[in-house]
Amino acid sequence: MSSTHNTSPRAPTFMDEVINHTPGDNRLANCIQCGTCGGSCPSGADMEHTPRALFQMIKGGFREMVLRSNTPWYCVSCYYCTSRCPQNIHITDVMYTLKRMALKEGYYRESSASEAPAFSSTFIDYVENYGRSFELGLATRYLLRYNPMGMVQMAGMGMGMLRRGRMDLIPTRIKGINQLKAILGKAKTLGGEV
Amino acid sequence: MSANSKPKFAMYWGASCGGCEVAVLNTHEKILDIDANFDVVFWPVAMDAKYKDVEAMEDESILVTFYNGGIRTSENEHLAKLLRRKSKILVAFGSCASEGCIPGLANLYSKNELFNTVYAQRDGCSTVNPENIRPQQNWDAPEGSIQIPEFYSILRPINQVVDVDYYLPGCPPESERIAEVVDLVIQVIRGEAALPPKGSVIGAGASTVCDECKRSRNVKTIKKFVRIQDFMPDPSMCLLEQGIVCNGPATRSGCGALCPSAGAVCIGCYGVAEGVIDYGARMLSAVSSVIDSRNEKEIEKIIEGIPDPAGMFYRFSLASSLLGASKSAWHDKE
Amino acid sequence: MIEPRIGVYVCHCGTNIAGVVDVAEVSKWASEHLKGRGVVISRDYKFMCSSLGQELIEKDIKEYRLNRVVVAACSPHLHEATFRTATKSAGLNPYLTEMVSIREQDSWVHTDKIAATNKAKAMISGGVERVRYHEPLEPLHVPIHPATLVVGGGIAGIQAVLELADAGQKVYLVEREPSIGGHMAQFDKTFPTLDCSACILTPKMVSVGKHPNVELFTWSEVTNVEGYVGNFTVNIHKKARFVKEDICTGCSICQEKCPKKVIDDVFEAGLGYRKAVYTPFAQAIPNYPVIDKENCTYFQKGTCRACEKLCPTKAIDFTQEDQDISIQVGNIILATGYDLFDSRRIPQYGYARLANVFTSLEFERLSNSAGPTGGKVVLRDGVTEPKTVGIVHCVGSRDKNYNNYCSAICCMQSLKFAHLVEERTGAEVYNFYIDIRTPAKDYDEFYQRVLEEGTIFIRGKVAEVTDAARMAGEEGKIIIQVEDTLMGKQRRIPVDMVILSAGLEPRRDAKAVAKLFGISCSSAGWVIEKHPKLDPIATMTDGIFIAGCMQGPKDIPASVAQGAAAAARVLGRIQQKEIALEPIRATVNETQCSGCRICNNMCPYNAILFHEDRAVSEVNPALCQGCGTCIAACPAGAISGTGFSNEQVMAQIEGLLLLNLEAEPA
Amino acid sequence: MEEQQQFEPKIIGFTCNWCSYRAADLAGISRTKYPPNVRLIRLMCSGRLDPTFVFKAFSSGADGVLISGCHPGDCHYVDQNYKTMRRFALMEKMLVQMGFEQGRIKLVWASAGEGLQFAEAVTGMVETVRKLGPLDWHIRGQSNGHLTKELLLKEDVV
Amino acid sequence: MKYGYYPGCSLERNAAAYNVSTMAIAEPLGIEFNEIDDWNCCGATEYTSIDLLAAYALIARNLALAEQLPDNGKLVAPCSACFLNLTKVAHQLEEEETLADKVNLALAEGKLHYTPGSIQVYHLLEVIFNDVGLDNLAKKVVKPLKGLRIAPYYGCMIVRPGYQRTFDNPEHPTSLDSIMNALGAFVVDFPMKANCCGGHMTQISQPVALEMLRRLLKNAADYRADIIVTLCPMCQLNLDAYQENVNAYFKTDYHIPTLYFTQLIGIAMGIPAEQLGIGKELVDARPALAKIGIEVPSEESVPEKKKHPKESLPMPTMSKED
């Protein structure tokens, strides 16, 4: 972990945790609260807290409030914030970190985006068992489980996709799936964090 | 007058080639002065003598000892100490004694590397030594055990082993200079002259070889280093200006600039100029300073013209230089 | 060498040193372990540089008959002079003092206290060994040429010129542009008092132009500088004006008649036009025009000559050629100013893509009564008045992607713009800021005033400026997207005009200029002062001073103050008539010199001359600058140098490596 | 191996008065941290650097020598640092011949504004030399050893 | 020009058109692709949200496999998400030893190893813009796209944040614009060219996602674009497949087809539409394509470029930018 942060003997704060769980010199500690991120974010208008606000909360140690926020889940990884941040903070990566922490600590359930992680994990199930993603399965399995209404809305579109051969009915599986499983298995035992 | 009333004189060779003795002989009739004025008590090259005779002498009973050669073996060291004890005046005679000279160049290599060169069948130069026999310090023969002197891992000029009164540089010292020194000593004996301050360099000048060199000199800028065998240098112009590394600028005067006058570069046998601490550093700094380039790559290229800087700038003074010997020599087990 | 009696003084510098280095321990160590090296007394004290600290040294010198002093404190560049004076006032030659920098080189850069303390010991040991070989020296005195060169005719330079000239001293002023005046001449109003820039600047410009002690070189650049403090030789390249300065009356008929219209990127910041023959503005000093070759039809196509035909005094001269003029000066003041940050570098702010996004300098011209619109604040179509205006702070400043630093003037400038827009158009004005920085006299009062005038302040660094309408009310507008950080909400503010308060940058040729004058810049390009706080207008090169934005972003009052300060410093120099230089010089020992001539081309100041007759080289102390390169080069070891002799350096090496400590009896 | 980690190299650094020494000052003023293994000697110009000083440092117990000056072309004395550049090249070549590892001697250009770069260079060099291990020249360099065994012991204390 | 090739899951199915068109133009443009054998999913934006190290290992497997290819370490991904994941991990493994060691520990379980720094990841756009070059491309054009008003849509992940390289301006990229110009199309100055399509938002919050898509479609419509050209399966999927949902949700009526830039290159090169997967899009592109051959609308009639009145002040040019 190359983060230069927290060399002092004091107990690691919530911010230290976030920083140390984010790869690279993420510079989170350097936030000057200018709001470039919040202003740039395409889904910022719909976030409970702008990234900037979230960072101040992190500094303040408001763990629950932060991990319960829908903000990280509304991040679309467009990297506008990251490339514009005047302090070169790796904001998108921090968002990923917050998602992981929220999952670990279960707070996401209380967030307004409570179903979001489910999508991620449905997605990942396919990746882990087939080595490839699988749109149809993804759509159906996920939507049926968490968002039946959505299923109905989507049906038309899905049909169109099928008709044009843009969706598989059965997922493809890679040859080296066992190899992949072994690798991922090992990776998870390595703490899952950097 | 009777032999033993004359002041006693001794000359001994440590790690050296014997050239110094020849140089003394080259003083021609001065030899007779020596004989006339001194009782030569110990001079292995010239006369038969035993160490025990010297050991038997009273301390400081010898007036002057010319010690040439450096300290390479325990025998060299023993004799240096012995003669120091027995002599009033100990003169480090010639380059070997003063600064190590060519034998000192061996300090670039460890004892082991040297022995390999000399004795090993494979990397030996000319040795036929199939059993790869090495000299043993102690050898038990039926007749009894033999010891030979220890070969030290590095060669040292004698002033690193004993206290030296005067230095007479040169490889070998010019016979004229030797004659002058002999005269000086004789004058001193006669009370016609005083000894120079202890530790001073005698039989040499205060400046450097260029001072005595007849070649015309100019501002120096060097674009390429060449070697004397590679081209025909201008006979009247400074050799260094022509890109040939001549050690004249850093070498103490006294030889009369023999080599440059003869069209060969000065190789620096008269050693450092007055007050200089490290001969190689001076030469290295001087030569590189006048390289005519501001580009690191080009400089590297030009410097390739000096394939062996250590050999070139420390040919005579490695053993007395600040670094003294190469890392492998120092780190050799002593 | 007389028996050294050395006093060692270890400074706490409050906690600056004592916080990391165990100073008491260090001083104790010195007195115990360096006794054998001549240390007779060793003390530690809170502030050695305080008068009490200095008295301490003076007292000891007398009491303990000290003949050498070692002060372990800050960098010699800060207090060497101080302690030399102290030594001197105790009757000892000042050069028998040695400073050891255990602050900049130890306590400030290390955290491990034990290691730092040990390093301090070693450093002091080095200092002690070195000082043993110090020799009493006398400073060298060189005369100061009374004339001064000022480079840059902006407000800082102008101020410096007038101070010097009014004090009766000869001043040369070199300006790259056709007229002096600099950026200030482009402004309409100046904050916070809002007095008209031209009204306060023009009189100063006029007196520079008329002053008998001032020789003005406009349309000129310095191309070469030689020499050193007291006597510099400077070469000035004077570009051909193609106008006979002695005949031209400045009637400006040529400008009216010239058929070639060019966008004026310099004075009008690209917002207006000038002719191929032009004076940048009406009150230009000097007010005779220049012909810019690149755009002149005659020079390009060989025909036209309209100006020549119509000039009533026949002042046009196409045959004029560039001149090189060499001048002698004793001191140089640099005031070359700043460049504006190029807003194109931030594409998301839309400058040069969206017509109605303006830079601060463009707006200065827009609002200037002498500007392209006669002071009418209008959109780029030249007619429409904006109903809403957004002013963006920190454009290119405080941003790791562009410039880290705060440009210092943008906040006040933006407030000024807000006021002007409000005053001229009654438009609704938004200011988008990260922090409002108004730290000077009457500045915050001005902020209050602008608040009262109804400007809306939104705290948030603008994310983007776009014309991509998203919802009703945005059509045909420029939308400023920003997080209102005080609300924690993303907002989109549709406006008609955007003003980018662009930051200040070093001149694009700053590094070249620094090199020309032998001074250094920070990596950003601002010139490095001798001391950031205590000597902001001097540089490390003696005789070269700086003023204005060349040293860092600053406003007009600060620039004027620096111009005056630099001038005052130079005047002091001139009054002393001569200056004492460090007596660090090389000398050749003739008996040892063999005349090998290795050293002859070692000296960039040609201080080494060779005597053919005696076949020896000699160093001319008047020309020698004391770099010591020849000393290191001499193969015979025949050259020695004061202040940094072989003995001093070799001894310091041994000291630093603690070879000097005597073995305690086992 | 254990000792390798313990080993704290001693490095002598030569700086010029105008650029690199001021870079060191700047590093201090801006509180940039670097390891305490380097002890600096101020010269007026890197052109003053006599190879004798370097050999002296090594034979007196330095494990590494850092030479620094203004950037080529930015020399306060016009162009003297080019001489340094030339001397360094030949000196390094000779030291390699004498058995020195690459990295025991290093040439660093630093302008007065490059405090950070200077600190980084020092840190880098300390790491290199730490890996190379002790040079121990002075122990064997009796030829100019003003030093006795007891001194060595004492030295470890400090 | 030889490259390792990582198609990514989308190109197998939903973006098959992207794949076939890429293959169709590769050969004539002198590009040789060497597909990684048995590559696996890059994890999109999802995996890193669950388990960082596993996510990195997942991606590193592909890098390790690519390392075995004989293509001098150049790996091409046409999908922006895949490109970003691959280049990001390749970069960070190079930056951080500890991370690399852990990842290799995991890879070892599968008898694989990745040498940090051995792979440079390129997006297909880079290859065509830099390696093929506009001149060579223009030479190949037999059917110029005259009359087509094209909105070049880059999306996010190709231009930002630029891990191993930044190859185009992250705010205002122009490489795709110039490629389309080289094909003879009329490129509209699409302000939202580098904005986000919503990515996986369609799955997380439909309203948010649809709003983001609406903005893009509106902007493209405002600029009267016939076609949105894209270089990312995710962007294409969202703009194309969800366009009907946008219309339904906002009561709008957008019909802007979204094609891959490789498809348009193919058309300009005279390759038959069916060989380029044209027709797989949900918003029919044929009407738009039918326009080809019609006169280019004259400058005047373009709303955003109206004549300036004479009082107007000079407009700064972008020229200064370099």
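Worth a mention:
By letter and in written order, the chains are A, B, C, D and E; residue numbering begins at 1 in each of them.
Note that contacts are C-beta pairs under 8 Å (C-beta built on N, C-alpha and C of every residue); 3 or more make two chains touch, one makes a residue touch a chain.
Since the model is a prediction, treat every value here as computed from it, not as a measurement.
Each step here moves to a touching chain, and the least such steps from chain C to chain E number 1.
Steps from chain B to chain E, taking the shortest chain of touch contacts, total 2. No other two chains have as many C-beta pairs in contact as A-E. Averaged Cα coordinates give chain A a centre that lies 49 Å from the centre of chain C.
Here the spacing of chain B and chain C, counted between their Cα centres, is 58 Å. Look at where the CA atoms of chain A average out and do the same for chain E: the two points lie 22 Å apart. Multi-chain contact residues, meaning those touching two or more other chains, occur in chain A at positions 80, 84. With touch defined as above, residues shared between interfaces to two or more other chains in chain E number as follows: 171. Shared interface positions of chain B, defined as residues touching 2 or more other chains, are 277, 282, 285, 289. Of all possible chain pairings, those that touch are A-C, A-E, B-C, B-D, C-D, C-E. Residues 1-2, 21, 23-24, 42-43, 46, 72-74, 76-80, 82-84, 92, 96-97, 99-100, 103, 113, 115-117, 119-121, 123-124, 126-127, 131-135, 142, 150, 153, 156-157, 160-161, 164-168, 172, 174-176, 179-180, 182-188, 190-194 of chain A are the ones touching chain E in the complex.
Only residues 263, 270-273, 342, 344-348, 351-353, 355, 362, 366, 372-373, 380-383, 464, 466-470 of chain C touch chain E when the two sit together in their complex. On the side of chain C, the complex with chain D involves touching residues 29, 75-77, 101, 103-106, 108-112, 115-116, 118-119, 121-123, 126, 515, 518, 520-523, 528, 532, 540-541, 584, 602, 604-605, 625-629, 631-633, 641, 643-644, 646, 649-650, 652-654, 656-664, 666.
Listed in rising order, the residues of chain E touching chain A in the complex are 9, 12-16, 38-41, 43-54, 56-58, 61, 84, 92, 95-96, 98-99, 102-103, 105-112, 155-157, 160-162, 170-171, 195-196, 198-201, 203-208, 211-212, 241-242, 244-245, 279-282. Residues 591-598, 600-602, 615, 629, 632-638, 646, 650 of chain C touch chain B in their complex.
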